[in-house]
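Take a look at the following structure, please.
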Amino acid sequence: MPVQFDPGPAVTELVRRTEHLIQDVVLPIELAHQGSAHDASEDVRRQLQDAAREAKVFAPHVDTEFGGLGLDMRDRAPVFEAAGYSLFGPLALNCAAPDEGNMHLLEKIATSQQKERFLRPLAAGDVRSCFAMTEPVPGAGSDPSALATTAQRTSAGWLLNGRKWFITGAHNAGFAIVMARTSGEPGSRGGATMFLVDAGAPGFQHVRNIDTLDESMFGGHSELALDNIEVGHDAILGELDRGFEYAQVRLGPARTTHCMRWLGTARRAADLAAERAATRQAFGGRLGDLGMVQQLLADNEIDIEASRTLILKTCWDLDTGAPAGHITSITKTFVAEAVNRVVDRALQICGALGVSGDAALSRLYREVRPFRIYDGPSETHRWSIGRRIVRRALTRLEARP
Amino acid sequence: MPVQFDPGPAVTELVRRTEHLIQDVVLPIELAHQGSAHDASEDVRRQLQDAAREAKVFAPHVDTEFGGLGLDMRDRAPVFEAAGYSLFGPLALNCAAPDEGNMHLLEKIATSQQKERFLRPLAAGDVRSCFAMTEPVPGAGSDPSALATTAQRTSAGWLLNGRKWFITGAHNAGFAIVMARTSGEPGSRGGATMFLVDAGAPGFQHVRNIDTLDESMFGGHSELALDNIEVGHDAILGELDRGFEYAQVRLGPARTTHCMRWLGTARRAADLAAERAATRQAFGGRLGDLGMVQQLLADNEIDIEASRTLILKTCWDLDTGAPAGHITSITKTFVAEAVNRVVDRALQICGALGVSGDAALSRLYREVRPFRIYDGPSETHRWSIGRRIVRRALTRLEARP
Amino acid sequence: MPVQFDPGPAVTELVRRTEHLIQDVVLPIELAHQGSAHDASEDVRRQLQDAAREAKVFAPHVDTEFGGLGLDMRDRAPVFEAAGYSLFGPLALNCAAPDEGNMHLLEKIATSQQKERFLRPLAAGDVRSCFAMTEPVPGAGSDPSALATTAQRTSAGWLLNGRKWFITGAHNAGFAIVMARTSGEPGSRGGATMFLVDAGAPGFQHVRNIDTLDESMFGGHSELALDNIEVGHDAILGELDRGFEYAQVRLGPARTTHCMRWLGTARRAADLAAERAATRQAFGGRLGDLGMVQQLLADNEIDIEASRTLILKTCWDLDTGAPAGHITSITKTFVAEAVNRVVDRALQICGALGVSGDAALSRLYREVRPFRIYDGPSETHRWSIGRRIVRRALTRLEARP
Amino acid sequence: MPVQFDPGPAVTELVRRTEHLIQDVVLPIELAHQGSAHDASEDVRRQLQDAAREAKVFAPHVDTEFGGLGLDMRDRAPVFEAAGYSLFGPLALNCAAPDEGNMHLLEKIATSQQKERFLRPLAAGDVRSCFAMTEPVPGAGSDPSALATTAQRTSAGWLLNGRKWFITGAHNAGFAIVMARTSGEPGSRGGATMFLVDAGAPGFQHVRNIDTLDESMFGGHSELALDNIEVGHDAILGELDRGFEYAQVRLGPARTTHCMRWLGTARRAADLAAERAATRQAFGGRLGDLGMVQQLLADNEIDIEASRTLILKTCWDLDTGAPAGHITSITKTFVAEAVNRVVDRALQICGALGVSGDAALSRLYREVRPFRIYDGPSETHRWSIGRRIVRRALTRLEARP
């Protein structure tokens, strides 16, 4: 069986349905809110998700046992890209971050009871969730070993204390997956454990919505205070002290699905610019007939095509269980930067219109920038890629006669 | 007298006073408004300008006859850069766009009466102004020959009709310099004329503030309708049909002073990032000890230093009356792109903090982007630079034996 | 059948054998000639090809009927990449340009007699060939419609006249595929026809070897004079006046196999740099522990991985008969530039050693540069990509209600 | 006295004379040798220098006491740029590396006797010299503290032992300035001392000319063995143990004069490309009318202009005694990379002609590449720039109330 790129008719049809949903339902709603979730209520989310259910494209990544379509990573790629064409598309399909990554993690690690209690309503769109790992300075950020939030053993279970920061989707989330230190000290790696915490638990405080460049994520990015939250042993997700390891289980696919969604955004920006170039007159001709504009358009296409194929290769590795830390770092770094380049070029082609709110580009420009930072800044990924290359070179050299 | 870069003690002292004003007065006010002029009233402008007057740094570019400090372009450069360190700094010194460029144009071209009526109050900070050239599609944009606004001769003077778009500072401006076609057709170059129009004139309509990525300019960017505005012959600025030529008189220096101000912004971003790198701990050391961070910091410094020297060279050419169209295009293109690179790297160094409103960087990131489009997109400048190079090469080849 | 990237065990084994051949036989010979074919005789070619035959990796792309392994494009990709690890590797496998592209073209278009006479000995490595399309100024280059070489009908067949330039492999080639104008005028597209011309034909003159930056191609790049060469009707390859069309048949796959081979070269450069970084001490540590070096290494890996996946996608399209002009342009442009970036970074990491002949990098640096020009400069590809994007945007807009 | 960029009539006239010399005498000789000094004899050097003497542009940087024109750094800038227009131009003016830097060092530090013995014949062009600092791995390279060559005290003076590598101009040089360790161990900084060593001294062995990408430097780049060379105390240049410090005295200006010369090379490449763009027809028009070509031309002009102004600023700092380590690193890094970009774009514009030896570009492409490595690779400079920025940020933060 040779290399092949055709996702097959079923997925192709799913993509087509998603594209129609985005064009007919999601984009109009997004544009009405200027791409910002700030003033978009839960009603908007329900409206979007109802439409996705009706179009039979809801929860494509979720196991059929929990009401989803059960797609593997490779099949998700074109569907998520189609969803990402609108900033609100992933929410409509219930495959937006951080919920999508949390569903993945729960599918992999949660007990049956935990799945019933947390995964089922999440997969159904009844609640949203958040993933509470990042902390304010000097806590866990790019360097997870700085984790400062603690879980102390009590007679009845565990007592959580700490402060979390930039927790996406936390506002009005139903529950959180909280990463807390169960051994070692900040700075040492030690042991971290994940806890499932109901957002209504006493001591779970939503401190504030952080004002950010991007505004399209439902629930925003929040600062949380965890103040003597009591949880039972059944709140532990997976096993004690394996939190850092599970974070990788979550992050590899989560980074890749991020890439899929943002690639859709990049494609939209490229389409807007191409349409502008095809119709706007300038200097006695069509804007799109000018060489420098053709170059911007071509570079967008190159970036998009390279991103798409890299994503598929990464999905293949993830689906087949190949070690994927290296390739997910490569793909995340490339795609995050490519997406930013594409949107930047698209905005440039559209000129003053591009920086105005009259086109969507100024919004897209704001939304994609943080992706070069979220889920590991490019520098952190390059550092880990670089270190692996050096290790491999040493292995190679040692193997030589 | 050899090449020399020292601006002398008087300008150095002026820069020092400006820096103090920015740190002590302007930045706190800017931060209180999160860098947006949207909700900043005229009172804020007065407060800022009073402080600048007190610091004796007000209107540094204006002829002493009209109350300014009479600096030439070279001496403006470090002062404007110091002012640009805050988004509200140029407003404080009354050297913000578009007023500063308008003052320059009026000094050069206006009659004595026009100067008394329009320049004096503008230079004093009593009113703001705007420059109404750009038009909505398919009118004048990067390609000025598309000018569609018309001025028709009447018995009493002229009748102006048209629509203007992206007119910076138009909201609550006291008057506008309106570019209108007085001969030829859109698409032909023909003749354009500049008219001085009171904002209170019947038919001068402020249609809307355009929502834009940038928000720091007082008066924003507006759409205007010019609906049968009657003006007298004395409204003509300079001579009939020489508007396109005057636009170049305005644009060469105006582009260069833009560069000065935005260079200040870039320096601030670089400083914020350097301070973060100097203090933030990560991976068992200081962020600023990591090679990739040092590279970002170094590239910022390189971009800033190259921008500053290019600006000075351009000022020298403008001050000495050398043909400056080529060098102003070169400098505008380089500096606009360099400033964007610097702010982008600074934001990257600051990570999640950088995309949040907790630091100023996410605001700066939004503010600098349009500079690659305003005052001629980079592509238009590269086109005109490229054409000149080809012409010069032809001349060189023809001169060869 | 979902997307999949595994080439299967047979191809994997073929790659392994190729890698061994390259390490054990080809690289030592290449290094002995410092990567230059200038002083490498036909004996060297025979020695290399004999070793490849023995390793059972000879002519992997050729139909089994003509003694090859019959691999489709997807399966060629990893084999050609492995061959390209040495500058002499493609020659060893008899899959170097221009022979490999010529074999492809002959397989597709030649008559049975032509195949026996030209393809069989070429596939067997008995002769080399060349593809004579490009002409000196003002003839056919990036713009094929400028074709100036003519074929005039005679009673007995055709009379060829013209001058060709940069004809790779022409020196000591056994035959040439000559592109000549059979209708229309230079500047008009008109009709071109391909002729199979024996290098010994009267009037076929090898004018000179052109001195070029690259030196690793056997037969170099030559200037040819075609002076009243008489050929029969059976010299026509395919049909009359369809030469431009056949050139595309040749170029799509030929560009892509170029990418495969040069990707191997890039990987070698990256490996050399990684090994240097892993072992060289500097500033009290290992070179490869410095952040800026890690970044160079990581960017190499990203470029290589993106190139490889883009190539596979292009192969898939070519193998399945999808319209591939767009994707081959995208891939050629990206890979040519990526390969140059990789070699440049590798050389930088190796410092003075890199610019010396003591490492292979200075040779590789010279060899890869022309790939951004040969087979269509990046600008020509971007122009054609850009035009297609504009056309598609127009189609999309017209289809909208 | 305000900022000013006019070098004055005397220097302008000197530049004009240099340009004529380059066009009329130097370029023809360079082209006859295809830009390579490999087969250029000492006669060629004499011929070039005689012409420069006749044109009264010889040794512009040398003190008048030693027969030069006594230009300061600012005045050298345009003259050296004009000389660098040809690869052999700096040799003609006797301002090529490494002689020019050695003259500077001798002027600053040598005793009167040393000046008479070494500087005077060097300045007169009677001999060439070299600067023997760099060593093969694991010795002194980017990291000077690894210095392994030793000078041991004897009763009569010093005994030098070690191995040097990449010593520019060493072949047939009259003398060498040798850096040797006089205290401390490799890896520690310790103390280094500079020794003036006659190339005829017993034990001074020229091991080989290193084959390198660049070939235009007279005397090439050599490997030297220093085998028990005996020198007296009068061989010490400056004071004992201050060698590292003197290396900086040499390197600041030497890096900057490198920038001047290579800028001339870049300008020549840009001119060649512009002339090609102005005359070559393609796609029914002039090559230089295509937008992507205009962009390449414009970016060349931007890089050249920014390089030139940065160089002047650096000269100003050096001439006025301002601390110049930071600015020389900034300028060296920017100019080295800009020069490479310019030559690369020029070659791309010229297409196949550019990679052939029929134009000079393929030679220039090879010559400029090492400049990003010689005199400190870009990474080392960025590292030192970055560290200074962090230190300054800390100082700033500590000064805040």
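Letters are used for the chains, namely A, B, C and D, taken in the order the chains are written, and counting of residues starts over at 1 for each.
Following the convention adopted for this analysis, contacts are C-beta pairs under 8 Å (C-beta built on N, C-alpha and C of every residue); 3 or more make two chains touch, one makes a residue touch a chain.
Each chain and its UniProt protein: A, B, C, D = Acyl-CoA dehydrogenase family protein.
Because the structure is predicted, anything quoted here is derived from the model rather than measured.
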{"item": "Set of chains whose contacts include both chain D and chain C", "value": "A, B"}
{"item": "Comparison of A-C and A-B (more C-beta pairs in contact)", "value": "A-C"}
{"item": "Chain whose average C-alpha position is farthest from chain A's own", "value": "D"}
{"item": "Whole-Å separation of chain centres (CA-atom averages), chain A against chain C", "value": "40"}
{"item": "Whole-Å gap between the CA centroids of chain A and chain D", "value": "50"}
{"item": "Contacts with 2+ other chains: residues of chain D", "value": "290-295, 379, 382-383"}
{"item": "Touch list for chain C against partner chain A, complex", "value": "1-8, 72, 74-75, 77, 270-271, 274-275, 277-279, 286, 288-289, 291, 293-295, 297-302, 305-306, 309-310, 312-313, 315-317, 319-320, 326-327, 330-331, 333-334, 379, 381-383, 385-387, 389-390, 392-394, 396-397"}
{"item": "Residue numbers on chain C that touch chain D, as the complex places them", "value": "34, 134, 137-138, 141-143, 146, 165-166, 187, 210-214, 221, 280-284, 290, 292-293, 347-348, 351-358, 362, 365-366, 369-370, 372-374, 377-379, 382-383"}
{"item": "Residues of chain B defined as touching chain C within the complex", "value": "290-295"}
